[in-house]
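The data blocks that follow each hold one structure.
Common to both upcoming complexes is chain A, partnered first by chain B, then by chain C.
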Partner chain A sequence: MAVKASEISVGDTFDEVLVEDLKRTQLVMYSGASGDYNPLHSDDIYSREVAGYPGVFAHGMLTMGMTGRVVTDLFGHENVKKYGVRFTNQVWPGDDLKSQAVVEDVREEGGEILVDIKLTTTNQNGDVVVMGNATGRVDP
Partner chain B sequence: MADEKVIKFPVEATHIMMFGRSIGDYAADGADPADVVAPPTFPQSVAQFDPDYFLRPKLGEPWFGSGRNPSGIEGKPSSSGRLHAEQHFEFERPVRPGDVLYVTTKDGKTWEKESKRAGKLVFSERITEYRDGNGDLVCTARGVGVTTERPVDQG
Partner chain C sequence: MSAERTLLTDELKSWIGREVSYPAREELGRASIRYFAMALADDNPLYRDDAYAQEAGHPSLVAPPTFVVETCQYADRPPNHHGYIGHGWDLPIEGCRMIRAGNAYEFIRPVLPSDRVSVTWTLEDMVERPSSRGGSQLFVSSVARHYDADGELLAVNRETLVYQPLEGGT
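Our next item is the complex of A and B:
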């Protein structure tokens, strides 16, 4: 259920576990669904021997997609107005990711109530992998 | 002019379900398509409908993933090394099954930066507009890619 304006205040936080022990299979699922078949994300031999990485790593868009669950859980899919991120570290198979949303503003614009949130997704070492912002429409 | 290309993107409930599953969003699983709304990053999967998308293997054409040899294409260097630095979506309205979107992409700004972990970084922006059949804007996506001088140091 989407939050209501009356239920939230600036500074409120919402935490969500995005994935535990990220599997290579999930990278393949994301490749198949999104159409991004870059072998860096599905082909360990290519990633190691040709591209020079320790192995396959997650699409940035997979991490952004998982982080987006915090946004859609909070606002509901139909109420997302804006969602943007910066990718700050790579995500690897085996990673545990969790995300935190912080309410930055609750405001009125064009007859709607909008909520701005800041998002931070971190791995099991506390490294930030994605930083983002989102805006959603909420009911009073 | 690649920039003038228009990609027709029919939005389907099953595609949204598969995309959702891949990011751990099960809202579309078993839902009536009339109740489904695409996750905010779904517009990126327009790649499926781009006939020229370079990150999809095509029958009869060389592909740069591993096969008999690690590079897939003998003697060809690795992919550009282009990584995703930023991505932003802005919605005028939600994207739903049954939408047919017409998608155009144009170049934005470019800039450079020096980094300890990957050498010289060249950033470039791509702006993608998703419009409905009436030409009304549904979603704008802004992506920033970065080309690194060498693989990102993991140390």
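Our next item is the complex of A and C:
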């Protein structure tokens, strides 16, 4: 369950496997579930011939949502205050993704204990696909 | 080959500050939350099991945090010619491809299946910057504020999109 302030220190890391062999089906599921029907993510011919990409690729928000699991697992859903990412590389069908959170700061603000983490999601080649930051509330 | 072009035209500049709101037609609902969690391959019972979520102190099951800032269904727009239904500014930019640069979310409270969510998008700024590949690219930053039916803020989504000129000749 959610970590406590007494259990973590700056520099601690938390690793999670997000997906192995990402399937096109999952992109289609995400399109439907999010309502983001941009054909770049579901229509291979469109992606190649109209948009000029090698093929369909994952919604940035899918990678962001999967990376968000690290944040909710660490802090507990209701304690997540902020979560932001930059997209640094595209995610393709067949990719394996894992994410690492590093504790950057443990601080007090407004009577709450807040923990800042840095997030890095990488693919099977070690390329960083998402870099992010999150802040969560923790118990003492 | 690539003649220098100005992406940030006066016409585009006039778009800065525009605002659009989309009220949801209906409550979020348990099924859409479950499908979203399934699409993330996230089997957290908070997203599918009321009893479990209540045990954890929630009024009912809750949505994954990134769901509230994503549901294009709020937009309730007819699909465009690519089949896209979500919010878009439909900026008058020709010959560019659009790339998502980043998003930053702030969560005020977990979103419930009973929430009827509305969103207000504001086009905050547009900046033209040199691209590492030569030429320039246009950064468009927007902010979406998501509210519940009582007008209470649920979440904020700051989004940066980049428009890059396509290489000629495709």
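We take it that the second predicted complex is superposed on the first by the 140 of 140 C-alpha atoms of A that agree within 3 Å, B and C clash if a C-alpha of one lies under 4 Å from a C-alpha of the other, contacts with A are read in each partner's own complex, and residues count from 1 in each chain.
In the analysis below, contacts are C-beta pairs under 8 Å (C-beta built on N, C-alpha and C of every residue); 3 or more make two chains touch, one makes a residue touch a chain.
A quick note: this is a predicted structure, and the numbers were derived from the prediction, not measured.
> Chain A superposed: clash or fit between chain B and chain C?
clash
> With the two structures laid over each other on chain A, which partner does A:137 touch: chain B (first), chain C (second), both, or neither?
In the superposed model, A:137 contacts neither chain B nor chain C.
> Please indicate which partner A:45 is in contact with in the superposed arrangement: first for chain B, second for chain C, both, or neither.
first
> Once the shared chain is lined up, is A:24 touching chain B (first), chain C (second), both, or neither of them?
A:24: touches no partner chain.
> Touch check for A:118: first (chain B), second (chain C), both, or neither?
A:118 sits against neither chain B nor chain C.
> Touching A:85, do we find chain B (first), chain C (second), both, or neither?
both
> Of the partners chain B and chain C, which touch A:64 in the superposed model: first, second, both, neither?
After superposition on chain A, A:64 lies in contact with both partners, chain B and chain C.
> In this superposed model, does chain C or chain B come into contact with more residues of chain A?
Comparing chain B with chain C, the partner touching more chain A residues is B.
> With the touch criterion stated at the top, can you tell me which chain A residues are shared between the chain B interface and the chain C interface?
Looking at chain A, the two contact sets intersect at 19, 26, 29-30, 32-39, 46, 51-52, 60-62, 64-66, 68-69, 71-72, 76-78, 80-87.
> Using the touch definition from the top, list the residues of chain B that touch chain A in their complex.
15, 18-19, 21-25, 27, 37-41, 44-48, 50, 53, 55-57, 64-66, 70-72, 78-79, 81, 83-91, 94, 142, 150-152, 154
> Can you name the residues of chain A that touch chain C in the complex?
Of all residues in chain A, those touching chain C are 19, 26, 29-30, 32-39, 46, 51-52, 60-62, 64-66, 68-69, 71-73, 76-78, 80-87.
> Sort out for me which residues of chain A touch chain B in the complex.
Residues of chain A touching chain B: 18-19, 26, 29-30, 32-40, 42-43, 45-46, 49-54, 59-62, 64-66, 68-69, 71-72, 76-78, 80-87, 90, 134.
> Along chain C, where are the residues that touch chain A in the complex?
Counting only chain C, the residues touching chain A are 32, 35-36, 38-42, 44, 46, 56-58, 62, 64-67, 70-73, 75, 79, 82-86, 97, 99-107, 109-110, 158, 166, 170.
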